[in-house]
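Each chain gets a letter, A, B and C, in the order it is written, and its residues are counted from 1.
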Amino acid sequence: MEHYVMNLTLKVWRQKNTNDKGRFETYHVKNISSEMSFLEMFDVLNEQLIQEGKDPIAFDHDCREGICGMCSMVINGRPHGPWHRNTTCQLHMRAFRDGDVIVVEPFRANAFPVIKDLVVDRSAFDRIIQAGGYISVNTGSAVDANAIPVEKDKADAAFAAAACIGCGACVAACKNSSAMLFVSAKVAHLGLLPQGQPERKTRVLNMVAQMDKEGFGACTNTGACEAVCPKGISIDYIARLNRDYMMAALSSPE
Amino acid sequence: MKLDAKIPPGPLENKWTYYKGHCKLVNPANKRKLEIIVVGTGLAGASAAATLGELGYRVKAFCFQDSPRRAHSIAAQGGINAAKNYQNDGDSVFRLFYDTIKGGDYRSREANVYRLAEVSVNIIDQCVAQGVPFAREYGGLLNNRSFGGTQVKRTFYAAGQTGQQLLLGAYQALERQVALGNVIMYPRHEMLELVLIDGKARGIICRNLINGKLERYFGHAVLLCTGGYSNVFYLSTNAMGSNVTAIWKAHKKGAFFGNPSFTQIHPTCIPVSGEYQSKLTLMSESLRNDGRIWVPKIKGDKRHPNDIPEEERDYYLERRYPAFGNLVPRDVASRAAKERCDAGYGVGTTGQAVYLDFRYNLINKYGRAEASRRGIKDPDEETLVQLGKEVVKEEYGNLFDMYEKITGENPYEVPMRIYPAVHYTMGGLWVDYELMTTVPGLYALGEANFSDHGANRLGASALMQGLADGYFIIPYTIGNYLADEISTKPIHIDHPSFEEAERAVTERIEKLLDVKGTQTVESFHKRLGKIMWDKCGMSRNEAGLKSAIEEIRSLRKEFWSDVRIPGSANEFNPELDKAGRVADFLELGELMCIDALHRNESCGGHFREEFQTPDGEALRDDANYSYVAAWEYKGESQWELHKEPLIFEEVQPSQRSYK
Amino acid sequence: MKWKDLFTSSVGKKWVMALTGVFLILFLIVHAGINACIWANDGGVMFNKVAHFMGSTIVIRILEVGLFLGFLIHIFQGLILEFQNRKKRKTGYAVKISIKESTWYSRSMGLLGTLILLFLILHWKHFWVPSRFTGIPYPEVILESGKKIHNLYALMQSTFSELWVVIVYVLGCISLFWHLLHGFQSAFRTLGVSHPGYLKIIQRIGFIYSFIICLAFAMMPVSMYLGWVK
């Protein structure tokens, strides 16, 4: 791996709070190593801003290993930046070259209001899970784990759906700000397993209803969500949700 | 004050049953009147909050992240142990108990560890029922892998994302209780003070991280499930936000801190690449199942690893520990790596790394099995490698991808470079058998307590402990306390104790902001981390620890006179949040060094250079140090040591041998 | 959940789009089949006969009402959805989201649909309105049986004698091609086909269908303008 250093121009969205209008500001960073992660480059910039007596840029991040789903950012028109199947925290500076101009914006959707700078409120996702993204089993009432065999293919497919980290890149990339990939991943994860069958119908109806209520758009199968998903969750799960939804709706008692 | 662990009477295997049969209960109507605060929503916190909500208690749960789903339990990779014996390879509750006690180098409590092994089987049942998609065999039954420090396959897993799947299970159970109104969730809230009324834990003061406002919450009991404090080392595998603040505040309010210096250094992490580095990334221990660790036999060999022939490679773990080979416990593997690197055999640009090589098992383990399954006769080596890769992709694909993203190298082709890094803290608040700290009504669960792992935790046991505490232990033990609280009316948050606690928090924040110095919080944190890593890290000695204590004290003084925190208290201000956490780390670091200094022996992850066997293994001193060190806070830089003797009835402590 | 949520939920609205879409896809096959009769090159005899049959059978006249409704619902629902979806992001991005894995035409269904709608209005004015309401300004054709029928063929010939009309029609067909290329497979996804194997087949059929149908339609005005059919 060839290592190199670079100087960059950053155009970053700054917004004091939810009600502020917000604007872009331009910053220059020097001697950035190609070995750094994108967020470490932001750390360097923030240290620089604090030393200059300016307000550092607020951005969400926590695990910095691509699994907690806390980091966001739209980098040069792509959520989580240019790399495929990646989160912002795992993006490394070797994706950029000396002299590059990088535009950084928050995830944008009405359902994800900006809290400050690049930090957005994604609690809508929690409320969607509250609407039915679980299997109702109280602690202590479970049968032996091997009592119900699960086909390996189905278990693998359920895992692939359950790998969703709830980051919201799907919403940020979607021209309709739709949360269908997120919702369908949870519906598929639980709906594929035998344990998830009793609530399969109510789950999909309630989760879709909550998604609509939160102000996400409708899916038009453009596939942008799948392309930016750090975990590569397939839009085929959306088709599965559509089927589950209609089956449930058509047999709904009211 | 005498420490009473409240271990139930009777033979080891009946203690938990006895306890459950004799503890006090709270009837369903009274549960509705009792409020419980749960701080932290990782495996321990989320499972506790969900389960207590199901039981009917009124629960308030807090986390500093934007959603409970993001707690750092999510990053656990390899798996979770349980004594299911589905593999028919000789596992049992006793064996899991024994492995854990031995793995912890005989510095944990028998009764707790036995209980942990006992409930481990229930955890798997519960998680499967919640829809956790564990790996399965073609027959539809659960699969297992093996982990360090054991000779059976008892680890359940979901690719390299087991922690994520378990946490999502607990998170979903928690959100279900939120929907039912049994739990109120407060995300982006950080606990900054514990409120005591008449000596009992009765509430917390939180900062709402969005608007910076301080808020008061009452609870009949308070559960701290806030994880570990590895970030005192600055560089660790923990999340950026992981901190000690909640348990440190509790410690300063009277909760004893158990074995603070017991830190786990994980052997397989991606090595540091530069000064700017903000965190370290773990490569799951499960990789040691399939990877072989080696360094060149020639000092300073700069050849490409693939060009070094087999006979010039030193598989030092297999050489030193033939019985366990690459699967020795973490402390042993870490020290062995350090020994090789210190001796000049390290690889990579810094010389601070060893190779973890998958080629042998790609070919011999997975490649051959897959070739045989597909009916390929006499496959050549390249075919075997190809087939092996496909299987490994399914088992660890995400880890290999992660490695490639960080280092830019393809681990299927080139051996991984790895080095030990701080990963987990066995130390934490001292708790009794009921998980209660020395403050009545204050509990600590999961990594936040001094835990069941003694001086070294075995792989895949942290997830087990977090969930055991939350799902199966606290629901019983908290009832034993709350049964006497049913007549306590909720205390209004205007109570003077709340006022006073909030005032203390306000003053501290103002003090921090008023320093208006020249150095950033981050720079102090880095300096603290360096002191801790150099002098209280993988190996420690008296002189180093003594100087570390002095250095930390002066660094702390410097911090309070020269830190620069931008912005104000009443806004979203991550630098201020970080400053508070680093200020607490600066106090904790000192206690860790004091603890490490007082323990004149080596055990598990605590390695004192003065105390080692002739062949460099940890030398325990059971006659003098077979106890839990529980430190009582007495004022700045002052602690009083209390000892809880460890009495072994079932197992006899012996020199740990993995040879 | 009430039954009417079927139409008001985001998934329900998509179902309406998909169902009407599939209906229109079927219609296009019939439409293209009939029009292809012009290539019989018999001076429009066959074409006029088939067109007459379509216009005179009561069953088909009833179906036509359904067709019209299908068009209206697809158009209005589509426009409403497009505007509603756009409103879900009040503050837009400074750098336009660019994701090469997602096709431009799948992200431009509203625009393509609107272009098709504009084309349709012209198309209706050219053919549907005269044949149903205002009458065709050409002498009727007398069949062997003595029956008199509209000379739609003559109307086509005169309409497609103007270059700009031909160009507009070809552009309309190109818009239709991209619209169908996404719409065909998207409809099946919305209707719940999630198996990757089937989806691959559907995608292929969708491409072949869109290509053949749109090529056929586009070649009609071109054939007439260039005098390939007489």
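One rule holds in what follows: a contact is a pair of C-beta atoms (placed from the backbone, for glycine too) under 8 Å apart; a residue touches a chain by one contact, two chains touch by 3 or more.
Keep in mind it's a predicted model, so treat the numbers as computed, not measured.
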item: Maximum centroid distance from subunit A, chain identifier (CA atoms); value: C
item: Chain occupying the most central position, where position means C-alpha average; value: A
item: Distance between the centres, which are taken as Cα means, of subunit C and subunit A, whole angstrom; value: 37
item: Intercentroid distance (Cα basis), subunit C paired with subunit B, Å; value: 62
item: Distance between chain centroids, defined by C-alpha means - subunit A, subunit B (Å); value: 26
item: Overlap residues in subunit B, where contacts from two or more other chains coincide; value: none
item: List of subunit A residues in touch with subunit C within their complex; value: 11, 13, 22, 24, 74, 76-78, 103, 105, 108-111, 173, 175-178, 180, 205, 208-209, 211-212, 215-224, 226-228, 234-246, 248-250, 252, 254
item: Subunit A partner contacts - residues on subunit B that touch it in the complex; value: 47, 50-51, 54, 65-72, 74-75, 84, 86, 122, 124-131, 133-142, 158-159, 161, 164-165, 168, 171-173, 175-176, 178-179, 185, 187, 210, 237, 239-241, 273-274, 276-279, 281-282, 401-402, 405-409, 471-472, 475, 520, 522-523, 564, 566-567, 571-572, 574-575
item: Subunit A-touching residues of subunit C, taken from the complex the two chains share; value: 1-3, 5-6, 9-15, 81, 84-103, 106-107, 109, 182, 185-186, 188-196, 199
item: Residues on subunit A engaged by subunit B in the complex (per definition of touch); value: 1, 17, 33, 35-37, 39-40, 43-44, 47, 49-51, 53-56, 58, 60-70, 83, 85-86, 90-92, 94, 115-116, 119, 121-123, 125-126, 129-131, 133-146, 148-152, 155-156, 158-159, 162-163, 165-166, 189-190, 193, 195-196
